[in-house]
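Both complexes shown next keep chain A, but they swap its partner, so chain B is in the first and chain C is in the second.
Take a look at the complex of A and B:
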């Protein structure tokens, strides 16, 4: 009975087609000569080819389709025959004389179709008879095809409301009854298929079954097309009956397919109104059925339905769709102990999507779902199942996308608990997503509480969750992550300084746990964010000073001091130094001399103790000089101390040119243009002279070591400084000094030993041009310049 | 040879005709020579009225009397040549004398009791004939026959119970079947269903057979012939427990006769419904049930 191979099957199919065509030929001849008896005889013989057991459903279908076409012709013949006066009732009996059941029933259905059209008997009676007689075929494949044929020919003849076959009252009930019965029988046959034949071919059989599923599902489609099936009938008759069959068949394949079918073919509003019934069936399905997909599809449909129009939303509320779905999911998860975590999470994720669509205002629902998810996950620790992880990410991303507002998500208390179950990598990705979402939405997080919650969420990025993973991290990824955290810190803002301070404290608390690798990324934004607050306070200081609790710059500076100190553990002295200087400058603006002094002290200590690289030193010293120059808060003593130190550092730089440059930069420390108290021309000159000396020394050193004198660049630079102070009116800088310097440079440049340096040439030339220009400008400046000869 | 033929040729022809020949229904009837003729149809208690036409071929025909007989005969094939006349009616048509020209004799058998139906079976035949004998001497009697068929009609039985039965093989197969009646007329429909209670064998299909059992003779000389008249497939494939399969079998296409019980102590014809289940190894499980077949009195 079971085909040995594809080849044999092809052979059998070919033989079947030949037999069918031969008999069809004789049948046509009989039809042409209006010979009813022969027509029946040959059509029965033709249909006998369908009695084969040798073909797979796929091939059988091919044969069936050919027979189907022939039967259409026969049906037309029957119709003509009745028009010619042949009694349809007689024909209906006549075809039943066939001895073999399968041809008999095909013929019966064909005549039955004509019978209904003739309206000599109520459609419901004929249909009832047909569907009843078809019980004779218990072979699954043949039965399915026969009943499919019945379904096909009866589709347009159901006594539906508004149909021409509608009889007395309530005939739509008969139509539904008919389809339901046919459906039930087909499903039974379909389910039974798996038990036919040897166990070793089970897999192949299941595949074949799968191919036949649409024959069964078609019935549900027909049901959905019946006009008369209104909500009441669907709820009271159709759905319970279909579900009864689905549940009772206890077959995995069928249950999954049919549940999906139900969801796909019937209208959304029906689903909504019958949710309880539909969901009630879910826990009763076989444990192996993929309910999660089924439910997910349902929720997806309902979500789309809700999204389609706002008018339908009240319906959702009215039927308490959420509560029902939620409890159904709970039951399903409970019932299916073996369901993988991924499945459960998928369900929750779908429910969440649904909730977000339908009840965007019910944050508590969302939290409830997350809570249920946490409960399910509790005790499972970190998940190592990639599918589940993916689903959790989806679950967590959904609210972010929906609300586009992290504040809402932060209200979800269970959110971080769910995140805890992600493995570290994913956790970080998720945290990244959250941060991206914040950055994208450009929303400032404005309370300390929310900030706390947020940092709880993204703690995967804030601190090491697992020590041993450290080394595997990709440097670039890490940097990117931390940069995003830095950006996040910048997003925190509140107009109220008090709250803002709290936010800063909260952030500080969190980022200080981050360990040496993260601090260099996270502290600077915090410092700057704090300084922003300081600047804001600066304006209102007087008014707010009265209040005890109010944040004062002083308090913030203390905090900052401690914060920056944390960097010493890293250590990144250059960065810390910069931050100290920034703070000092801010303190300066707040007129807090001791604070500013303290910051400078810290910076100097760092310079002395930590910054040993000469290059770094150069940069640092210039920063120090630059900052110090602008400080106006210091008294003479403090300032002296600091400038003295700075000058000292400058002179001790390793390379001569660096020394020289630092020293002439120091000259600015004694001359602040808009501050008359700091205009010490003498010390300026001292610095410049010292710079000249160093430049000379550098020149000689170059001569000594390389045999050629170095660049005159330093001299030109010093000349420019001279000119600057000259212009500013420093009495110590006189024309002769400038003149001397110009001559020196000119001599140097004409000396043979010097290496030509176009940059220096250009620089010098433009300096001279400047002098010339100033001279020609006339006025006070012109007079001042007049004596200089170039 | 001519005179020989002439010697064997009957000196006259005899024709039997019925008065209502034109209107009376004719039915096919297979004669002993195997040919099928259309013959008139009668039922019990009818009057059989007609004429006998005797036409001498030229010469005068001497005879010792002319008679017409109505005979009901049972012929058992194993006992060939022996006819049992269960009915024998005689009408004398003419006294001994000479016939010079054609002559017509009217005859009439009134309200003839013909309880048995004509029947053509495998081992037995029941027939009715009109036999005209122009007696001459023992060797040269001139005889003519006219077959006719008798069918008797029965009104609807007042009691007609259904046949219902549960059968099975322990732990293997249990079925319950029901035929809606126990008595069926010839154009009846058998409606019923088979309910499968337990199925542990691999059934391939199920058929309903109509079998005719003709038993002839009596005692040690009883001959039984069984013929399957119909094989009607009821089910294709293997059912599971709980399935019920409908039966609807139209009897009209099959050549049935009514059930005949112990006709003149010579033979019986009985009908059975045989429900056959065939398993995948072609094993057959069956249950046979007798049904009564009758000829329904047509009600207009």
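Take a look at the complex of A and C:
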């Protein structure tokens, strides 16, 4: 038996090599002096080293290779001998006198090789003799190497089609028969290794067996290389015989390796045509065989085959490949109840990839596979097996990548059911994958129904799936998630306003379930999409006899009002204010005065009650003034109310400079260039004067608190506003007022108590330059400016 | 020759998905020396994207920007030119050129870049130039109907600036250019 300790093995190997080399030396001497008798004697002694039981397969191989090389020289010698007139048949007989059977058989094979080459007997006869004689060696390791030797030297001498060894009595059938027999015997030896020795050494035995597996598999290789093995012979002879051995040997290691070998070694077209036979063997294998990996690899090969050329696709249909594979997988999963979920999903995934390559138009097949998956997952709730979830994500991503069009994926009824088995985190990841695929495809979703189905699918991002569990999600990740939902909303569109409104309503319904954290992200895109629709409707003729269901700007504004209201639950008053003002402007363009007024009211309420941060107030008031300035829909009363409030807010801002600027901005509310009915010169002047008072007050405050006057910047700004309205022709603004301001500023700037402000200096300088420029313009403008002295 | 990209009002993802692909393929890193952005990006992702095009990135606050730390106005010197940047929602009436000219005088700049209206404008007056690069994504605006995506590229060379405006009209990128020359600046003592 093989002793413990690698060092011992090394010793034995070294001893074996020495022995081998010594005898080889003498053998060479005999060859050189044409001494057949001695040559045989020493070669036999040399080959005796291969009789050892002390080496593991790995080490035995080293010894074997050396013997192999020496036997080549011997073979050459035998060939020369036959040319010199020695009878090959005599030689064949002579070598059988060797004392021990193993050397005898090696020599026999070597002579046999020459015998076949001599063509003195049909190749098939010699091969048959040799393959049967080798039965004499029943020790697995020695037997495997011996038969491997036989395989190696016979390789180029098989009576294949077109080979020189083909004859009337010698056909490819005989070649196949020879290889099959050798294969069968080798497999038996290989399997026998499993049962040798004590149970505790099982692991080591399996490792050793693994090292020898290629010796067995080589035979299948040889079979695949035989020219004469066409589809018919493969289907009728080769495959059934090989499978017979595979099934009957009842050995897990052999079955797994050989099934895989068959799949890898023989051409894909053969597999297609023999699918039923191949798959039929699967249930007959040992239950412990990892058949799902075998099947996956088969489907992978077939998928690649299908992808390689369009011409092969009809073949797949003809042999009903899908049905057979689907059925085989079903049976395997049914039979192996303990198969882990990840394994089952991998199988379905492979089948799905196969289907997408071979039958991309058969959505029903794809749905079927997803359905089978759902069935396997049913009752398992949300998976927490990360391997399985990874496989499911791969399974669900495959149709998205293939079809590049979410509408197709939406048709798969089982798709959402599979998603339900993902844990919340992975569900969101998958939803993200779906959204990315839509954005990449650049194809808009065009019906409310599809939008609804889509939002159901990605609901993991739309709302909290588990009421009680609140995801500890990184803020950045959450923002990214929600921004992708916002982007998704940009991908929903239909030319038909009625359908578009339905889409908007569907989206609204879904996003309102999102809760306060999500609304600031999802409501703005919805609002702007709605405003775009309003604008489209504006362009169309108002149909007085329109039906109840027809979308109108009014209806959309109602919807918008309710939608923006939802932001109060967050709350984000600043955002809501901006959105109300946007809607007001849109209502203005639609000539809907009450609607516009309502939006302004909402905005004002927010300003008064919710916006208390000073900086936010400043921005908000400028947005209010800017929007109000553009309103043409308001009648005098409404306009006055809103303007009055706006100026009131402006005057009440916290910081004096902010007050001043807001107030002079309000001056524009009383003068709209292209609207002669809003050109109230007096009120404009009142605003500007008020702004001046505030600027003065600011100066005094600075004096009181800091000792020096503040900057004259505000005065210069107001001066510019005076010039603005002067140019526009406001009769209340006269040259003396402007002159007065210029002098005031000049004085202030020259005063000692002023804080130097280069920015103010530059502004004043450029303002004076401007006045000069206007004077030099000539014409009406020049005349106007003429009296101003700088 | 200094290339300055003027861009803004993208409104991603509130009003637009992304820059038009034809624009995206034109804007490659390494070609532009400065980016001045009028604001309303609105999210960090867009900021990072612009930063990847050019590290010298200047942005002013738009009213929808997620990041509230951008300044209301900004001035910078590029070559012989002083540039001013402001989103524009602060200047009432919106889009009014005379009011914008006032801001230009206040900031004391040769070129004022401002946005908010989503409409491209290049307006020359005695004090300099006012440029509105429009909306790079063609985003919805309450002020302008039918917004075409646009941005501006300025080539500043000595006392001359060539303003290239890129507009996406009916799926095609159309380019127009306007020349501006300034008179040599009188040296004014200033602290920056």
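Observations on the structure shown:
As a working rule, the second predicted complex is superposed on the first by the 776 of 790 C-alpha atoms of A that agree within 3 Å, B and C clash if a C-alpha of one lies under 4 Å from a C-alpha of the other, contacts with A are read in each partner's own complex, and residues count from 1 in each chain.
The rule is simple: contacts are C-beta pairs under 8 Å (C-beta built on N, C-alpha and C of every residue); 3 or more make two chains touch, one makes a residue touch a chain.
This is a predicted model, so every value here is computed, not measured.
Partners chain B and chain C fit side by side in the overlay (superposition on chain A). Once the two complexes are overlaid on the shared chain, A:145 sits clear of chain B and of chain C alike. In the overlay built on the shared chain, the residue A:626 is in contact with chain C alone; chain B does not reach it.
Contact comparison for chain A: of chain B and chain C, C touches the greater number of residues. When the two complexes are overlaid on their common chain A, residue A:192 makes contact with chain B while staying clear of chain C. Legend: residue contacts after superposition of the two complexes on their common chain; A:532 is shown touching chain C, with no touch to chain B. Legend: residue contacts after superposition of the two complexes on their common chain; A:766 is shown touching chain C, with no touch to chain B. In the superposition on chain A, A:649 makes contact with neither chain B nor chain C. Rounded to the nearest 10, the angle at the Cα centre of chain A between the centres of chain B and chain C is 150 degrees. Between chain B and chain C in the chain A overlay, the least Cα distance found is 71 Å.
On chain A, the surface touched by chain B in one complex and the surface touched by chain C in the other have no residue in common. Those residues of chain A lying in contact with chain C across their complex are 439, 479-480, 483, 486-487, 490-491, 524-525, 528, 531-532, 535, 578, 582, 585-586, 589, 619, 622-623, 625-627, 629-630, 665, 668, 716-717, 720-721, 724, 727, 758-759, 762-763, 765-767, 769-770, 773. Chain B makes touch with chain A in their complex at residues 203, 205, 230-240, 243-246, 248, 250, 252-253, 280.
Residues 11-18, 43-45, 63-64, 89-90, 92-94, 98-99, 101-102, 105-106, 108, 126-127, 140, 142-143, 145, 188-191 of chain C are the ones that touch chain A when the two sit in their complex. Those residues of chain A that touch chain B in the shared complex are 1, 51, 93, 96-97, 99-102, 104, 132-133, 135-140, 142-143, 188, 192, 196.
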